[in-house]
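Note that subunit A is present in both complexes that follow, paired respectively with subunit B and with subunit C.
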Partner chain A sequence: MSPLGALGVTLGVLVAGVVLVGLLDALARLVLGPVPLETPDRLTLEGLRGAVRRQSLTTEHPDLAAWRLAPAAYLGLAAAGLALVPVAADRAAVDVEAGIVVWGAVESLTVIAVFLHGWSSNSLLPLLGAYRFVAIGLSVMLVSMFVLIGAALPAESLRLTAIVESQRGLWNAVRQPLGLPLFLLLGLAITLRGPMDYADSADLAGGTSAEDSGAPRLAWQFARAAMLVAFATMAATVFLGGPLGPLLPGPVWLLLKAGFVAALLVALGRLLARPDASRMLTFIWVVLLPLSFLDLAIAGLETLR
Partner chain B sequence: MAMRHGQWSSHRPVRFFAAVGESAQSRVERLALRTGLQRVATPRAASLLLIAGGIPEQSWPALRRLHDQLPHPRGALYWGEGPPPLPDVVEVEPSDTPATAMRRLQAELERDPRASSQDLLPNEPPAPWQGKGPHGQGGEGMMGGTPYGRPMTMRGDELRDGLRLDAHEVTVGPFAPMLPPGLALGLRLQGDVIQQVALIQPPFRDAAAEAPFAEALDRPVAVADLERARAAHHLRCVGRFCALRGALALAARAHASAERARAGNGAGLGTLGRLLWLSGLRPGIAPGLGTLGPAQQGCLLGPALRAAGRPDDLRSRRDPYTGAGFAPVTQRNGDVRARIDQWLAEARQALALAARLEHQPPVAFAAGLEGPAGPLGTPATGDGPRLDLDALLRGLEWGEAVSVLASFSPQALRRMLGEADR
Partner chain C sequence: MSWADAIFWLLAATALLAGWRVFRTDSMVRASFFLLASFIAVGAIMLMLGAAYLGFATIFMMAVEMMVMALFMVMFMMNPAGLNPMSMVHQHGLAIVAGLVTFAGLGAFALSVDLPSRPLPAGAEVTAPLGRELLGPSMLVFESAGVTLLATMICAVVLSSRSGRFGPSDAGSVPPSIDPTAQEKS
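The block that comes next holds the complex of A and B.
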């Protein structure tokens, strides 16, 4: 695919995906019930024009360039992650040799984008959100790395199209049953949702986005939804066979599977409570990390068999 | 064209930040559940400032600062009694709902952004420059001091591991959405660990939470109504706590249960208790978090006291409760987990009592009765030792401290801090 074509496809899917995430959030609110005070606030098409017309306030002595750059970096990372996803069994917008490693880099750089967002506004609550996200984000990223290595083992390749191909007989979600649940926790973390939302949470009045207003606020919300789109498609690719499936065209299968993962994350984000940060950190190191080792061991044994 | 624009505007969500004053928390929560309105957690995300309930004069400067933090175009409404605390606000009668006025004001601002409410404070530092360093600092080296009246970070001993980290002093409240309305704290933080807490202002009075109970001190009321009000109060407290911890589905369920409890329907409370576990809310709270030391136990009241294992409840000495076989429920540990469990257990018990005492003639409790936040109308009210917030919150991380404060009802916290309203 030409670079321009890849860019066009990626951005098109991203925008459509963000609309879908907005609809899923609205549906979850409808089904699971409204609350008097919701953080972060809703991303709605109706609110788009109002947000753009609203003044963009700044704080006293912020690092304005970094503050404005953070949503762009977050969105850029989401787009980079999405571009790696194979839309057909043998085709991705950007099909690189070490695609899964590039996705790992996207995960890690997300920590920097979120920290930059909280730190740059020069304000207490956003800074606390930034601190907490780094502590949790880096830990859960370790878990993700082991899980992704496990997913790549059956393919004996780091290329995402090869990982898809290796699931033609059996999805990774089935032969590595711990992989997808552990990877979903990473998804909740990098999309700042529910039990892993230590950056933009209610106890910090919105955390890293507490000082955002107007268009920059909208940009951050958009980037957050875009990261969910990127994550959902990546999870569908690595664990659910991506575009593989009978009868329907590959992209439709990918859309259905990614939609399922996105809906699952949206629901989990509203259903599960956020533990105390120190308790979550202990849980990650004492429970989740050993589970990711076990997942890797299962994947290794399966490959050797 | 103007009409079409108005119609389109009327379907846009009205995002408002609520400055919750005296006795207004529950009605703001009910308002926020209305379709087309969205209460937001930061003034930066709001187009309207809703000032709900009476705001004591000492909080007016904070309210002015809050007003100026809303981005243009913005407007302000006052939904309370007495003179408005800010100039140029749209006034709404306390007995009316402000939803219509809010939608109208939003539509006006969209039609004419020049109608936006102007800044109330000058855009300048709160105090003159008094620093002494060459780079804007006021203390040692590049750190410390209070240039322009703002305390800068300064290294100090960290409580937990002895590292010398930057300590930062801030004031939070009285309109911070994660704290009880009115509560203002002066905090010294290192990272997100609280090093020192000073009480600046206790929570505002929440007479609405105790209204039916206060009424029962003066004239006969139906006991079933009192118990339904008690259950609704406790469930709303559970809902607020769940929302703070991000368990939005559980929070929605608790608030819906509170509304049903007001109508005497206690369906689903058992499920709510199980969901506290399944959602990870209860396991996610450290055991022992928020336990008061022995010297502090004397200031506990109502459900918080019973959560610490003390079966003190005026209902066990009042007819018709004694006739109905009332016995206080208690927990053992007196921590945050126990207080959440206590609210749920008491809500269930209150609804069972309401069903049992449904046909009981109205009763007056002139000698005092147990309100949702502790005893009312007894000489001992407000005479106990005061809660030491510094001792309670020092060494906790921010999220833990917020959870500890949310595990007391705002009115109970106010009374434990020494404010005796009746």
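The block that comes next holds the complex of A and C.
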């Protein structure tokens, strides 16, 4: 794939995916009712119009550079993650040797983008959201790392095309049953959704985006949806065999699977309750982290067999 | 100058400038993330050298480490949010001497040593040999560093945990009641 072609495909899928996420959220609102206390300007057409029309207000002494750049960093990380995904069994927009490590870097830099977004506005509730998110985000990222190492073991490679190839016989989601559920929790965290949304939740009046307005607010919400697109395709690649499948061409299979993961994530975000941050932190370290060790042990034994 | 040269100098300049800003900024959080920017530029230079795993792992690990560092510095310092201006430098005399000595030493080392030049063939597998080296001949060094880091982390957690050596730090404190009149009743 030529560099320009790769860029075009990545951005096209990203924008189409964001529209799909907006539709899924609207569907969830239709089926499950409106979200209590939610600010009504999520990615809807009305929200788009308002964001373009309204001016963007600032707070007293914000770190304006970090505040304005945080949505750009978030969106850029989503695009970088999406570019790694193999669209066919043997090719990706960016096929690097250590693809899964690059995704790890995307995860950890996302935590920083969300933190800076809340920290830089120099305001109480965004700051609380930022610190709370770092504690939860870093912990659940640790869980996802062990799960991803487990997924790379059968492939004996860190390259994503090799991980896809290793699932030709059996998907990682079946071979390592703990992997996908644990990875989905990371997805909820880095897209700031439902039970793992400790950054932008309604109990902090919008958290890190409580002071956002106008176009920067729209940019942040867009980047959030874009990260869901990147995560869904990555989860489909690592655990559901990515573009592998009978009859239909590879990219279609990838989009179908990614669409399923995105729908699952939107539904989980609406259906699961969010516990207190300190309880969730204990739960992650005492229950989820040992489960990820178990997942790694299962993957290792399976590979040795 | 080829494209690769131009990108290298750009990354090197970024690493140096960001490293300089670490000491000129006025907030611990900003200092941490300037240091991260410097490390990311160094990681990108490692990518240019063909060390894909090491380069990306540097970016990945430094992102986590700088975030944790910012968090712990703010936790242990008097400046609760990290947004109030404070100086990032202290002990000027000692710092100037240490900086000059280090610069002269490393510079002399870089100029005097005959650095190896063994270009690998394009597309050579480098990640697996690195793993074999780390868990083979270099295992003692690798594991010593790992265990030392683990011990450091456990110490940091013990120092910062709610129940420290002298018992729970919030012993006897009562969370504010939801009922605003409860205070008067008790």
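Please note the rule applied: the second predicted complex is superposed on the first by the 299 of 305 C-alpha atoms of A that agree within 3 Å, B and C clash if a C-alpha of one lies under 4 Å from a C-alpha of the other, contacts with A are read in each partner's own complex, and residues count from 1 in each chain.
The criterion applied here is as follows: a contact is a pair of C-beta atoms (placed from the backbone, for glycine too) under 8 Å apart; a residue touches a chain by one contact, two chains touch by 3 or more.
These figures come from a predicted structure and were not determined experimentally.
Participant: Between subunit B and subunit C, whom does A:Val35 touch in the aligned arrangement: first, second, both, or neither?
Facilitator: Only subunit B; A:Val35 stays clear of subunit C.
Participant: Between subunit B and subunit C, whom does A:Leu228 touch in the aligned arrangement: first, second, both, or neither?
Facilitator: Touch status of A:Leu228: no partner.
Participant: According to the stated criteria, A:Ala202 is in contact with first (subunit B), second (subunit C), both, or neither; which is it?
Facilitator: After superposing on A, A:Ala202 lies in contact with subunit B but is clear of subunit C.
Participant: Is A:Leu158 contacted by the first partner subunit B, the second partner subunit C, both or neither?
Facilitator: In the superposition, A:Leu158 touches subunit C alone.
Participant: Can A:Ala219 be said to touch subunit B (first), subunit C (second), both, or neither?
Facilitator: A:Ala219: touches no partner chain.
Participant: Identify the partner contact of A:Tyr131: answer first if only subunit B is touched, second if only subunit C is, both if each is, neither if none is.
Facilitator: After superposing on A, A:Tyr131 lies in contact with both subunit B and subunit C.
Participant: Is A:Leu271 touching anything from subunit B or subunit C once the two structures are fitted on A? First, second, both or neither.
Facilitator: first
Participant: For subunit A, which side has the bigger count of touched residues, subunit B or subunit C?
Facilitator: Greater contact footprint in residues on subunit A: B.
Participant: Determine, under the contact definition given at the top, whether A:Gln55 touches first (subunit B), second (subunit C), both, or neither.
Facilitator: First partner only, subunit B.
Participant: In the superposed arrangement, what residues of subunit A touch both subunit B and subunit C?
Facilitator: Of subunit A, residues 131 contact subunit B in one complex and subunit C in the other.
Participant: With touch defined as at the start, can you tell me which subunit A residues reach subunit C in the complex?
Facilitator: 61, 63, 66, 96-98, 101-102, 104-105, 108-109, 111-112, 115-116, 119, 122, 127, 131, 134-135, 138, 141, 158
Participant: Going by the contact rule at the top, pick out the subunit B residues touching subunit A in the complex.
Facilitator: Touch residues, subunit B against subunit A: 11-13, 15, 28-30, 32-33, 38-42, 44-45, 47, 69, 71-73, 110, 113, 168, 170, 176-178, 189, 191-192, 239, 242-253, 255-256, 279-281, 283-286, 289, 397-400, 402-403.
Participant: Which residues of subunit A touch subunit B once you look at their complex with the stated criterion?
Facilitator: 32-42, 44, 46-47, 50, 53-57, 124, 128, 131-132, 194-195, 197, 201-206, 209-214, 217, 269-280
Participant: Along subunit C, where are the residues that touch subunit A in the complex?
Facilitator: Against subunit A, subunit C makes touches at 29-30, 33, 36, 52-53, 56-57, 59-60, 63-64, 66-68, 70-71, 81-83, 126-127.
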